[in-house]
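In the two complexes below, subunit A is the common chain; its partner is subunit B in one and subunit C in the other.
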Partner chain A sequence: MNRARRKQEGRWAWRLTGFVTVCVYIFMFAPIVATVVLSFNASMFGGFPMTGFSLQWYGKLMANEQVLAAFRTSLWIALVTAIVTTAIGVTTAFALVRFEFRGKQALSTLVILPALVPETILGVGLLVLIKAVDQPRTMLLLVLGHILLAVPYVVLIAQARMIGIRRVYEEAALSLGASRFSSFREITLPLLVPAVVGGALLAFTISFDNTSASLFWRPAGVETMPTQILSMLKISISPEINALGTVMILVTVGIPLVGGLILQSLTKLRRQGEPKEETQ
Partner chain B sequence: MPEATISSPRPASAGATAPGAAATADSPAVEFRDIDIAYGKFVAVRDFSLSITKGSFVTLLGPSGCGKTTILRSIAGLVDISGGQIMIDGRRVDDIPIYKRNIGLVFQSYALFPHKTVFDNVAFGLKYRNVPKPEIARKVGKALEMVRLPGSEKKLPSQLSGGQQQRIALARAIVFEPQVLLLDEPLSALDANMREEMRVEIKKIQKETGITAIFVTHDQEEALSMSDRIVVMNAGAMEQIGTPQEVYETPATAFVADFLGKANMLAGTVSRSGQAVVLATGQTIDVASPRPLGDGSKVTVVVRPQKFSVGAGTSVNRLTGRVVSASYLGGSAIYEIDIGGKTSLRANAPITGRVLREGETIDLGFDPESCILLDEDGQRIS
Partner chain C sequence: MKRRWTLYDPRLAWMLVAPVLLLLIFFLILPIAVMAGYTFFTFVTAGVETSALTTANWHEFLTDSYYSGFLLKTLRVGAITALLCGVLGYFPAYFIWATTFRHKWLLLLLLIVPFWISFTIRTFSWINILGEQGVINVALLKMGIIHEPLQMLYNEGAVILGMLHFLLPYMILNVYVSLESIDRTLISAARSMGCTSAQAFREVTLPLSLPGLAAGLLLCFVLAAGSYVTPQLLGSGRDALFGNLIYDTIMGELNWPMGATLSIVLFIVLGFFAAVYTRYMGMSQIVKGLGG
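What follows is the complex of A and B.
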């Protein structure tokens, strides 16, 4: 009797959990789905109901010089950010894990700090600093800002991987005659590849879809993709924005996904063949 | 026969070889002169001097934390010494970075590069010595044959068993003919069967190549079976150096007697100016002190378990006790014997009649020559 009731209660608890879970997922993904679906809407207005399927908004996007310019700007800023951040992040992580030096704790905290400070504060701060030394807002400032934002994440990823690479590999390489630089290049770096690729992809994404800090830092007349969307929204909610949003989603989700898949197949290749048993 | 010599506490006569002197044919392969190694306030090794002859197999034996691995790593340059000098082949190496020391290193955890094939692993050291490619291929092939894994060039370390990986690591360490081969507990990660096989193999390869090998282990069996010389270490200092037989048969200190083969240690006082000892348990036994001792001074009598004979015999010394436990090993049996006074002995004797059971009375015989005497400080009386 009692047991049956408890079973009943258990079932209800599970149903409730399931219901809440579904609600949360709907809440999270419905706006994204709506954006993607509406980008194919034939209607002039950027909202429901759908009046038919059309690719016209994508066509308009392709013809919009402003949007294309913003896309190109975002793309190359993200690329430069990814490359520079990965180089800085990986070497910093290497130093933090492998060497003992004065102020190591301080450096470790300092490197992570930009991830903890609210982006707006960081954006205003850098702007104030630039004004204080009387420098104009340039593309360089924007790129440096993005690097500042992305470095903590790359350091954290590389550090986690670095801890997993045993020091004994480097010691073996050194004992065999490789200099410290050679042993890093030939042993540590290849073993760090997953962190390098992962860090680069993350840095790219962080830069590519950054909005609030970019608003402060971009030079006059320069738009990145997110700021372009924002300024288009000020005029009207055109279906073109839905198409643009879909492209953004494709890039920011697609690139890490593809990168992850490539990495996975690479490691699979390396692990091909099961370890063999001793034959004697 | 390769030999390792020790000149304790200081090597040779001072000034015989000036630091940094040119290498000569008869300079030792490795020489330590009063080295100290400290990590902050913790002194891992103090005042360690040792000279290792070319072509010999020397083992540093001791419990974990005794400083043996630290000494090995200091030869490689992976640990900085805080005092003294290390010479390799007559050349002072204190300031030479590890990658210029020409040393072969084998690690407990193999440390094969996981992303490189067996060939690239073994060829690594040759590549950095600018050996031409065809020569590299030939030498790698030869090294793999030596460790009995020919044809494994294209495999990755993850495709090999632990024993195979350690053999590749050995090939990698010897292929460029280093001046010294350093082995840091290379067998501890292997299972028992593999361990014995590798023991023989390492020793064989060392003999074939004539390389000087320094081996670190905490396993006394490994040390006794492989070494030309054993250096017994305790708490950062050397306890004794000698051939396996010397350190086993005539331990210099109580620590060595206990660490190698768990010897019986019986406390007692001297009588008949060193020809007899009255044990704390009351019995009197004959001993053979190499020099006269003052009656009444305290000594410890060390007797190896193998030196006892069980049952009636002609031995001078006789002890009677009760068997606490008996383990049958086929050819011999190990007895734990209570001889009264809260003292128990361990005897490992060949089986002549039947194996005695727990609680039975046992007669033990041993000769005065089998007794080693230690003074109050635990040092052998000689």
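What follows is the complex of A and C.
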């Protein structure tokens, strides 16, 4: 009797867990779905009810020179950030995992700080510094700032993968006469590919999305995509902004998804041609 | 004489980390150091200050209740947000961990997708839900339950809701990562010794997942207390938080010494919480949570 009742209680607890989970997922995606749906609304106002299906806001968006300029700016910054951050982040992770040197512990803590310190503080700090040395805000500064914000994530991802790659592979190549660099390029780097791609994609999105710090760092007159959206929102929410949001979602969700799929099929292809390897 | 290079030579390691190290020095450490010095500069007029040293900024901060009020409000909002995240985030994390659902990866992927969607977009999309022409108001009006749109935006509740929305994935992933590292045989052992599933949860699973929960709470608290965009978009002027105060002081009033002072205050206060946390928990859990 008692046992049956307890079982019943357990089932109710599990149902409650499932129910809250469903609610949380709805909570996370409902606003995004609403934005995407509203971007196709024919109504002049950015809101419900739906009055008909229309693509006019996308057309209007394509004709908006300011938005296009901001989009190009963000795309460039994000591309450069992704490439540079991945390069320096992967070499740092390699050094942190493979080498023993003084200050290693301090460096591995320091390197995740940009992810923990609020962007407002990082933003003001850099501005104060360049004001103190009397330098203008430039594109270079903005890009380097974005790299700083993305570095922790790339290092952490590469580090996690690096730990799984046994050093005997590299050492075998070295003992067979490969140079230091070619052993890294031929052995370590191919094994690191998932981390490199994953890190680059994340760095791209971090840069493409960055808002608070960019508000401080952007050169006068330059708008990135998020700061452009923010200034458009100062007036009111319009169907055009919903359309813009939808395009951005397609770009930032589509790129990692497609990248992930390509990566998966690549590793599948390679797995077929190679004996099974142990990376753990 | 030059020392020969060994296989894992520290000198090579320094060369490998040099770019990141330089970036951290010039874009993280030096700015914060200079900013700390700037707090003692004298504010003359908008955009102008002299390097005559003064404690006036600190004095103003410590005596004017305007600033301490802002700080307390920010900490309160951050704490409420973090706690709500903890309560609401634990259920999905536990569900994903315990479920026998075959497409578990899909649930995890859906948690990561929000990280890819622009934070600004995720925030303003709440206007489409809560606004006067948002889903809720339009639906309630249509059904005749209300006759005038409810004012749900531009208050503290909306700000907390928006922050909850962007912080929940952090919390769920942190708790999930620490649940994943639990040895499941411990739970079977507890069950076979006669624990009910509730007891096994209370005595085994919950305590072992606390590090992840704590890491999530810290992360959510720090990110909420340092936010700028959410109060800007979903709050009214009265709901501005410390980040907005800093932005307005620097970009609006052009009072750089005061802006630097406020930034250092926020840095110290949030650093204090992080230090207390690492003192008891260590850094490793946060690293796991951020690395996904």
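Remarks
Here is the rule we use: the second predicted complex is superposed on the first by the 257 of 280 C-alpha atoms of A that agree within 3 Å, B and C clash if a C-alpha of one lies under 4 Å from a C-alpha of the other, contacts with A are read in each partner's own complex, and residues count from 1 in each chain.
We adopt the following convention: contacts are C-beta pairs under 8 Å (C-beta built on N, C-alpha and C of every residue); 3 or more make two chains touch, one makes a residue touch a chain.
Predicted, not measured: the structure shown is a model, and the values here were computed from it.
Subunit A is touched at more residues by one of its partners, and among subunit B and subunit C that partner is C. Of the two partner chains, neither subunit B nor subunit C is touched by A:L61. In the superposition on chain A, contact of A:I187 is made with subunit B only, not with subunit C. Using the contact criterion defined above for the overlaid structures, shared-chain residue A:A203 touches neither subunit B nor subunit C, since it reaches no partner.
In the superposition on chain A, contact of A:G177 is made with subunit B only, not with subunit C. Looking at the shared chain after the overlay, A:V168 reaches subunit B, while subunit C stays out of its contact range. Of the two partner chains placed by the overlay, neither subunit B nor subunit C lies in contact with A:A78.
After overlaying the two complexes on the shared chain, residue contacts for A:G18 are found with subunit C alone; subunit B is out of touch. Where the contact sets of subunit A with subunit B and with subunit C meet, they give residues 171, 174, 180. The touching residues of subunit C, counted against subunit A in their complex, run 7-10, 12-14, 16-17, 19-21, 23-24, 27-32, 34-35, 38, 88-89, 91-92, 94-96, 98, 107, 110, 113-122, 124-129, 131-135, 138, 142, 165, 168-169, 172, 196-198, 219, 222-223, 225-229, 232-233, 243, 246-247, 250-251, 256, 259-260, 263, 266-267, 270, 274, 283, 286-287, 290-292. If you check the complex, the residues on subunit A that touch subunit B are 166, 168-169, 171-180, 182-183, 187, 190-191, 270-271, 273-278, 280. Across the interface of their complex, subunit A is touched by residues 76, 78, 97-105, 107, 109, 111-115, 124-125, 128-129, 156, 158-161, 163-164, 172-173, 176, 194, 197 of subunit B. Against subunit C, the residues of subunit A that register as touching in their complex are 6, 9-10, 13-14, 16-18, 20-21, 24-25, 27-32, 34-35, 38, 45-49, 88-89, 91-92, 94-96, 98-102, 104, 107, 109-122, 124-129, 131-132, 144-145, 147-148, 151-153, 155-157, 159-160, 171, 174, 180, 205, 208-209, 211-212, 215-216, 225-226, 229-230, 233, 237, 241-242, 245, 248-249, 252-253, 256.
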